[in-house]
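Presented sequentially are two complexes of chain A, the first with chain B as partner and the second with chain C.
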Partner chain A sequence: MRPEKKERMLILGAGAAGLSAADAIRSVNPDSPVTIVSGEKGLPYARMALPYYISGKIPVKGIFTGMRRDFSGRKIEYIPGDPAVGLDTHRQKVLLRSGLALEYGKLLVATGSVPEYPDMLAGLDAPGICNLWTLKDALQIKRRIEHGGAIAVWGAGFVAFMAAKALAMHGRKVYLICRANRILRRVLDEGAAGLMEHALSEKGVVCLKDTNVEHIGVLKGGKKHIVLDGGRELAVDVLIVALGTRPNTGFLHETPLAGKKGLEVDEYLGTRIPGIYAAGDLALVRDCVTGERIAHALWSAAVREGRGAGLNMAGDRHQCDLSLLMNVIDLGGYGAVSVGHPLLANNTEVYQFADKAGKAYRRLVFQDRRLIGAIIVGRCTDTGFFPALIRGVPELTQARKQKILRFPWNIAPALLGL
Partner chain B sequence: MIVFNPDRCVGCYACQVACKVERGLPAGACGITVLSYESLDGGGERRVHYRALLCHHCADAPCVRICPVRAVTRDKNGIISVASEKCIGCRLCSLSCPHSIPSFNDRQQMTKCNLCIERIEAGLKPACVAGCPVAALEIEAPREISVRKRRGLLRKRCCL
Partner chain C sequence: MEGTRVLYFDMERCVGCHACETACKIENNISIGPKWIEVVQHDVLKDDGTWTMKFMPMNCRHCAKAPCIPACPTGAIEQGADRVVLVNSRLCIGCAECLQACPFGAPQFGPGGLMEKCTLCAHRDPEAPTACEQFCPVGAIRSGRPQELSSQKRKQCLFIAAAGVTARSTGEA
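Let's turn to the complex of A and B:
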């Protein structure tokens, strides 16, 4: 009997974390039974590619991340359209909605997050009011805007920005309803947000700042009537709600794992119950700058954590702590990157550089000698050097720091030459 | 793999020109980037040094792992290449690459060194290697590179 080798590795979720974990398990252990359970029907797809599908940059088949033959060829069982509804940690079983109970030897919870839906919309089940979260949402939006029309996007975070950009690229009139005084306020400062707002407005997006929605109704003919708190009214064909997300942990409510902010994990991504791991949007991983346990709902973090969890499930000891905030947005060649914590205000030195003619901007934030955050707008050729610097590898010397500050528009020569 | 010898480089940028001509790349996109920096030597003389940023075709490549639409792949020879028509231009690869290698063409699709695979299959050297007038670039199999590294014959080319 070889219980270690043959125990079933059960992965809940077929997003970035789940598929990375399956790849990692297979890279170490080609034989152990691996099962992936997805709550959504059909093949797994990349959620972050949905805006690109809407904008027409790629066909729908371009968003899929795994084909049936990939799974069967690598002896991975894939169960779509059957979300987990319960977990029995004593019997080591996961109950699915269809009634199927799956036993596991090791379990990875990578069910991601679900979008927030405001109470105001409860009971208003009108077609054309949706999130941009699933393929179903994207297909609905694409169908409705095929022959023109106006769209409102409620929210001004990453998903809202991507949605507005995609629809503007599609040649549609877009209103971005932003509750704060700037877009992407968690990752960009006022200078960078101003440049991105300007770039959005050139594409035909109207940013309504310091504005919230007071009432939403449906007009005759299906148009959505939106009343804003300044008294302004909008009539649009589609309203996209993008007001943030929360961890998808509803099915864990009867287990000791349940937490409102996510699942606490150790540096090997194991939860407090041996044999159960968590990765992706719901894993509370230590931040590499602040040390705080936080769930970074990012594709890059999900891939890294999924791989780490997969290796550990397969018997490795892969430390996968210290997550890094990394956001990159692009508007047809004009992009912004935010890495680390560029808006942190405790004991920090902030350096800002602006090139108005080139529409470029940089904000570098240091804590003593260590770079802890950066915002880069416009010239983005050296962005790959920032994540390693912010992780503290290599440690900056005073001379290097001075050289970076002397030549802030391309830090590569400063790093390679010193 | 392409190996860069900083002691031979004279900073003529012929490699960049050859790469762009070979692959028809627009402004801002190139498979190889030569950077220069100045320092003072022991006698107070200014010296110019060169470094080349080029794809290492990493064994465990972060760009392959992070690509959400699996446009960046490794072939059976270990060459990492990108299927441009699949690329969505999300730029996660350029942020995940520790050498910031990926660049983007006019259609916002990622482009990077593919080791001029068509030339190699035709028995030619990659365009940058063939175009270098001072033989600062060489193409070698990974096994030969690791042997030379072990013997201390290759200098560390990048401090990161």
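Let's turn to the complex of A and C:
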């Protein structure tokens, strides 16, 4: 039976990238043996929908609907709750925690990323201090704040913002502890961040900027006691740690694949070992603006890369790098979008626009005649045209660039006929 | 395909009056901001060196292999047998993943922050015209079934909703 097992397409990870890869394989190859391994128990779910389950926007089934797959009907073996712990690239085998060893012909590593957990919290095994990354985290948070309570979110990046928003929308008191002088500093400039901070405060979120955590303890009764630099103290029911993530590659440490920043891949998403592919949060894919290989850690990138990797595992040659950075944040109809590289500072021309009411704002950034990034706040109806413009148009004519700058609030006309 | 409903735009006829936008807004009770259909002006240089104006409606094309569907993390976007792509607001979280996948910039976000877009007037009788078709003064928009149009007409219409689009949006033939 050995040769048959060597045909197996093994997918590690049942997230956005892993499932998208399985769909792609099945779309061209209805019969080849496909196995998906998930580190978590239960059915696959959408990580990014978790905040909306907490806020009550969607029912719990809503985090599963988009990830529901007919595994048995499509002859896909699904092994949940048994994370990969080792990889033997010579024997082409993956070892799972249960002791099960799976042989493969082609392997996709799509185990995503893991959230950072600061050393300060080591040994402090207190219920109510957690990340917002897994379904388990979300269930815990939801249960603890069901009847009220205050929450601190440590961090001010994307996931921190989502957590703060979800809890504020749920009517809870939220403190956002932000080390920098503004929230979302990697994707928003000061103007845009200021508008979003104001919108957050209207929802009851207190943004504590230029602030760090000095000490965390647990009070009698279970409340978390947080001492901030500057002496301020908070007592909260839940502390959500959202200080960024790193690629989930721990189990690869004995292979030549492991890298600190992620897994290097070529334009076909193959790693340096033939037959092994990577996609999603841990894949270092070329950025469509800078050409640099980075892990974008975005849902859209994971779906795209998963699909490309799946097709290539099934024998195709599908070029699939060039990922676009895009973050969309929304506070119930008032939102901000950051697309491409709006904060890049070398050889760039920056144009900023604001409306009279001070609610809408735009930053458009060009490198010569190429639009390389934009921040859009408030008036976002033409957002859908930016990805194509930034990703696909290496050079605008002078006339088109002028048109964009003359009518910066709707770029659709500038895009037509390209 | 039996039952398939699509929208046809005749670019030669459109005069850019935006009546379809207004009709759509009123019919679907759309708030300020989002536009489910937007007619965009496009200046084209003619062979003789003069310029002419063309208009193109930007709205959901109800693509055959709609890229927004696999992009949606909560499975909120569905396509019926009539090929009409609809969003289920109960499951939508307003994350804009669909917007990143859509080659036409069609998904819009309303006051609640949820995705909304053209439904091909799904609330109307399937045999009735869509509001944009009904109010277009020059007959540039037609909804219906592909087989109802002559091949001549099909060639003339630049955008045949659904067909044609798939190739571009997924990058495959």
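We take it that the second predicted complex is superposed on the first by the 399 of 418 C-alpha atoms of A that agree within 3 Å, B and C clash if a C-alpha of one lies under 4 Å from a C-alpha of the other, contacts with A are read in each partner's own complex, and residues count from 1 in each chain.
The criterion applied here is as follows: a contact is a pair of C-beta atoms (placed from the backbone, for glycine too) under 8 Å apart; a residue touches a chain by one contact, two chains touch by 3 or more.
All values derive from a computational prediction rather than experimental measurement.
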Side-by-side fit of chain B and chain C on chain A, or clash: clash
Chain B versus chain C as contact partner of A:195, first or second or both or neither: neither
Which superposed partner A:299 touches (first chain B, second chain C, both, neither): both
Chain B versus chain C as contact partner of A:387, first or second or both or neither: both
Partner chain in contact with A:109 - chain B first, chain C second, else both or neither: neither
Touched partner set for A:68, first chain B, second chain C, both or neither: second
Contacts of A:54 with chain B and chain C, given as first, second, both or neither: neither
Chain A residues contacted in one complex by chain B, in the other by chain C: 16, 20, 46, 48-49, 52, 57-58, 62-63, 65, 299-300, 303, 307, 326, 328, 330, 332-333, 335, 337, 380-385, 387-388, 412-413, 416-417
Footprint of chain C on chain A - complex, ascending: 16, 20, 23, 46, 48-49, 52, 57-59, 62-63, 65-68, 299-300, 303, 307, 324, 326, 328, 330-335, 337, 379-385, 387-388, 412-413, 416-417
Residues of chain B that touch chain A when the two form their complex: 28, 35-37, 39, 49, 51, 53, 65-66, 68-70, 86, 88-92, 94-104, 106, 108, 158-160
Residues of chain A touching chain B in the complex: 16, 20, 46, 48-49, 52, 57-58, 62-63, 65, 299-300, 303, 307, 326, 328, 330, 332-333, 335, 337, 339, 380-388, 394, 412-418
Interface residues, chain C side, partner chain A - complex: 33-35, 38, 40-42, 44, 56, 58, 70-76, 90-91, 93-97, 99-113
